[in-house]
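Here the structure comes first, spelled out in structure tokens, and everything after it is commentary.
Read from first to last, the chains carry the letters A, B, C and D; within each, the first residue is number 1.
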Amino acid sequence: MTRIRTDLAVEAKEVYEQQNEGKIPGVQIEEYEEIGMKVTHVKIVNEHGEKSMGKPIGEYITIDMPEFVHYDKEVMDDVSKALAKTLSKIVKLDKSMTALVVGLGNWNVTPDALGPKVISKLMVTRHLKELVPDSIDENVRPVCAISPGVLGLTGIETAEIIKSVADKIKPNLIVCIDALASRKTERVNRTIQIGDTGISPGSGIGNKRMEISKRTLGIPVIAIGVPTVVHAATLANDTIDLAIDEIINQATKGGEFYNMLKSLNKGEKERLINEILHPYVGDLVVTPKEIDVVVDSISKVIANGINIALQPALDLEDINKYVN
Amino acid sequence: MTRIRTDLAVEAKEVYEQQNEGKIPGVQIEEYEEIGMKVTHVKIVNEHGEKSMGKPIGEYITIDMPEFVHYDKEVMDDVSKALAKTLSKIVKLDKSMTALVVGLGNWNVTPDALGPKVISKLMVTRHLKELVPDSIDENVRPVCAISPGVLGLTGIETAEIIKSVADKIKPNLIVCIDALASRKTERVNRTIQIGDTGISPGSGIGNKRMEISKRTLGIPVIAIGVPTVVHAATLANDTIDLAIDEIINQATKGGEFYNMLKSLNKGEKERLINEILHPYVGDLVVTPKEIDVVVDSISKVIANGINIALQPALDLEDINKYVN
Amino acid sequence: MTRIRTDLAVEAKEVYEQQNEGKIPGVQIEEYEEIGMKVTHVKIVNEHGEKSMGKPIGEYITIDMPEFVHYDKEVMDDVSKALAKTLSKIVKLDKSMTALVVGLGNWNVTPDALGPKVISKLMVTRHLKELVPDSIDENVRPVCAISPGVLGLTGIETAEIIKSVADKIKPNLIVCIDALASRKTERVNRTIQIGDTGISPGSGIGNKRMEISKRTLGIPVIAIGVPTVVHAATLANDTIDLAIDEIINQATKGGEFYNMLKSLNKGEKERLINEILHPYVGDLVVTPKEIDVVVDSISKVIANGINIALQPALDLEDINKYVN
Amino acid sequence: MTRIRTDLAVEAKEVYEQQNEGKIPGVQIEEYEEIGMKVTHVKIVNEHGEKSMGKPIGEYITIDMPEFVHYDKEVMDDVSKALAKTLSKIVKLDKSMTALVVGLGNWNVTPDALGPKVISKLMVTRHLKELVPDSIDENVRPVCAISPGVLGLTGIETAEIIKSVADKIKPNLIVCIDALASRKTERVNRTIQIGDTGISPGSGIGNKRMEISKRTLGIPVIAIGVPTVVHAATLANDTIDLAIDEIINQATKGGEFYNMLKSLNKGEKERLINEILHPYVGDLVVTPKEIDVVVDSISKVIANGINIALQPALDLEDINKYVN
């Protein structure tokens, strides 16, 4: 069985269901609507689920964004509100507690710039609470933010930077935003995943080795991710599978040839993929051409969703006055 | 036989050679080195060649750029010089004749922004020759430039805009720069194609319907193109072919199954491709993640190559003083 | 009397009123509110007005944008609607007539990029009306657009490019958008001027020599301008005036010194200004540091206002579906 | 005596000399040439110097860049080399010692983006030394880098972030890059200042309150700054002074009026400045229009200079291979 790595729990679930029959042991799935958007709530409850899904025990909620989100303010606001509602369910925080929002990724590389772009649209208040407390409503929660960069640009593990800053300012919650890779093009820029297990090593389209999670940082970590690319290698892999499935459908089940096709092994597939992507292999991604504009829109939607969730005492109009 | 559309003559040649044996009738091919770079000179000399290659009669020269070009000024200058040398071979122009350089593509979409980016780094002199002729060396050729945008942004055929401007300012030569799509990832950002047949409808990664050529404009048109993407549909298509070839290799030649595989028809392949790319199909491209930085470097190399070719009386240092 | 050049009619009026008493001959001024914004409507009705104001006979309408426009969607929509309402008053156009929108300025220079940025957010329909007429509502007006660049980048007079394209596609109306320079910092990014006399040579912060107007193009030209900078030379000039006024206030009126101050002549002032701005003089501008973000927001407001005005049959939601 | 704040020691010196006669007590000044560029070396040696200059005891070296630096690779390389030579004089570091380079400023605000832009062009090696030590020459120094953002975006004092990271990774040297404000337009984008006293609160055009220095961080801090703006308030102030000086020159020395002018006090001047800049006052800056392009060029020059200084064992060609 070929294991396809995916950043999305909802895709891991699909892969499992494709390769097995029946329910996934140790995993609870609930689907419902929020402001007209489909929400899929995946709970991995024990080690069985962990193993089947290739993801740690915890909650993973996926919101499917509607189609015209990027041009329509009302739809964008609705997505922000659905995100805020979802966040509120898994964020338990007194109003005086501090949140640190972390924008993962590289601001020079468009499909990886989602995190830093969210940071630039966030309502940041910690310094106002500290420096000019009288000028600011006491119901405003202290929020701070960093964009730590990526290992290739900084030479420092991203988790190390976050840990240093968190040790110093002692937030009660960390919210990480990251650009992800999905397996399917239909999810690119259309899906938001919210999880409570942090960021695992190697997730995201950047380069992260050390886990960013409650286990390593000692503070609850909520991860918000949006797939902005499919890896070209994933696309090539899935295309090969699809081609083979098609041929198998036309072959006689149980025949000699059928069995040969079934056994096209992983090594052979990888060789094919390397051949087709040479010399880029690892770095090629599949994106819509207009990725610049789209990442910009999505970063607004995410930033607003976080602002609403972290500042329950304010309405959107008040929030806008603080946003930079 | 499935026809793969490619913007590069060198790839059309490869496709032909893969599907046929022996030389391509009506096509002359010459390979040589220029400042250490491999140059492939494809001449389509008659209608046979035109038909086999799917490209009009004319010359198509491809320069393979070396690997570390984007970080190394010396290599970048070498590529500019090789480009200038190649251009000089097919550009026949008195020193007083005016050249119009056209940057095709959309400056808001990174992989399509190559043309407009080249324009912004060009040595433009026509206005100086007209407004302050005494301040400028008489050996400087009048050069002007436009970035006409793309149909989706302007609502006007790009060729119509170019024709209007050309009719008014009456240049003796038009040089078009365009971002292309290649079939193979190994050519992305690594190949420069120079051709004397203009831009055919539907070429480029933008959206052009009317030909930009001597035939439509009445002025010689040199096209300079660099592939910045592979269409995801091309990648999927080639991946399917490769997978099938692989399976065929393992099947008994002439057997029933072998023949079935050979006949997997175009319609079936297209359905598979649509399935894998849904819902984006037409718009998805495969690029290196760092496309922003790379397009920037290449636009410098191209602009410099054009500057050197169009201003034979000046050296690079003089040129830099004029460049904006 | 020192003549201060300003792109805004409302400022020319202020300068006149400061230097003279009473009404301006040949100029009618009307002030009113539109969706809570102050609108000043200046009509220059004859040659007396033309001479006093330094601007051609015609209408100049100024909308003062409210303060928090850049962060608040509702306020931004209100400004778009006020702009659309104002445009509708001076644009007389059958629904089948074609409009050409021209984004003046340089997209590489932030404070001068307003025009091209508006173009990228416009609802462009002419190609759809021509290529796929059945797919588009018959009430949609054909709109097309170009960003012709600036003389320094193209080597071609901007008006020449516009005239070539207009001669070819024969629009019934041209709408030009341009970044302006105001005299006062309080108007920077806060004022929209709509005029029916086109763009005069030397206006704008770019470099335009040939008039863009009904006189030169044979088609009505509406100009929409927003000041994005104050020239540093203007700021220095006004600062000197203010300093001298202050000193005069402290001197005895009619005394010898009073008269000396009054006579500080233009040449002396220019020498002072050159000294303070050396070696940049012409190119220095005064802007808010956040000009990148602000120009982006304003371009959305302007594009939306034009979209509403040019497509009276559609509502904002429909428009958003077409916008690219 | 009005105190003009300036980020440049060379300007503090000029202000002092203008207001006083003779040498500045406690300050040693040396001027010489480096690769054709004028270098001014200011040493503040004791508290007298500290008081007169408004800057802490330490060394401040200023390099004047030549005029056409932004378009000419050779001149750019020369400036990088002059910077590297100057850095080498004040950086004493064994080859195995780690350097942390900090890009101060806001990457979303062009004139303030110099620091983060330098970081994106730096040769970063610490992770390679740690993760793949065998793949990298042992003479390569471990270098790491961060762009901590600005207080308004992060809600965290910049110095706090730097201190957290420095405490964790324990570098032997910190190099900070910052965009500065000069008093004179002639120094904008033309001057590099290198100092060994760190960054004082309130310096830079961003917003920093806590000192970034050996005193606060426990590690030597080298600051590299380039003025990218003049504050509009500074320009207005200096213009007023110049205007008054001019009038004074025309008045009779010692006369009543002369004395009145001399006494135009600080409060009055501030009121004038506020009036002229209303409503922006604090945030307006004076820059060349092409600031985007210029900051980009300068960031390359600075990054290269640091690369050369920190990697004495490598030549420029080797460095380019590592740069991202």
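Observations on the structure shown:
The rule is simple: contacts are C-beta pairs under 8 Å (C-beta built on N, C-alpha and C of every residue); 3 or more make two chains touch, one makes a residue touch a chain.
Only a predicted model underlies this, so the values are computations on that prediction, with no experimental measurement involved.
Shared contact partners of chain B and chain D comprise A, C.
A centroid comparison over C-alpha atoms places B as the chain most distant from chain D.
When the interfaces B-C and C-D are ranked by how many C-beta pairs touch across them, C-D comes first.
Centre-to-centre, using mean CA coordinates, chain C is 36 Å away from chain D.
The geometric centre of chain B is 39 Å away from that of chain C, both derived from CA atoms. Under the contact definition stated at the top, the residues of chain C that touch 2 or more other chains are 108. Listing the residues of chain A that touch chain C in their complex gives 68, 71-74, 317, 320-321, 323.
By the touch criterion given at the top, residues 107-108, 116, 119-120, 122, 124-128, 131, 142-149, 151-157, 160-161, 163-165, 167-169, 324 of chain C touch chain B in their complex.
Across the interface of their complex, chain C is touched by residues 108-112, 185-186, 188, 205, 229, 232, 235-236, 238-240, 242-244, 246-247, 250-251, 257, 260-261, 264, 268, 272-273, 275-280, 283-293 of chain D.
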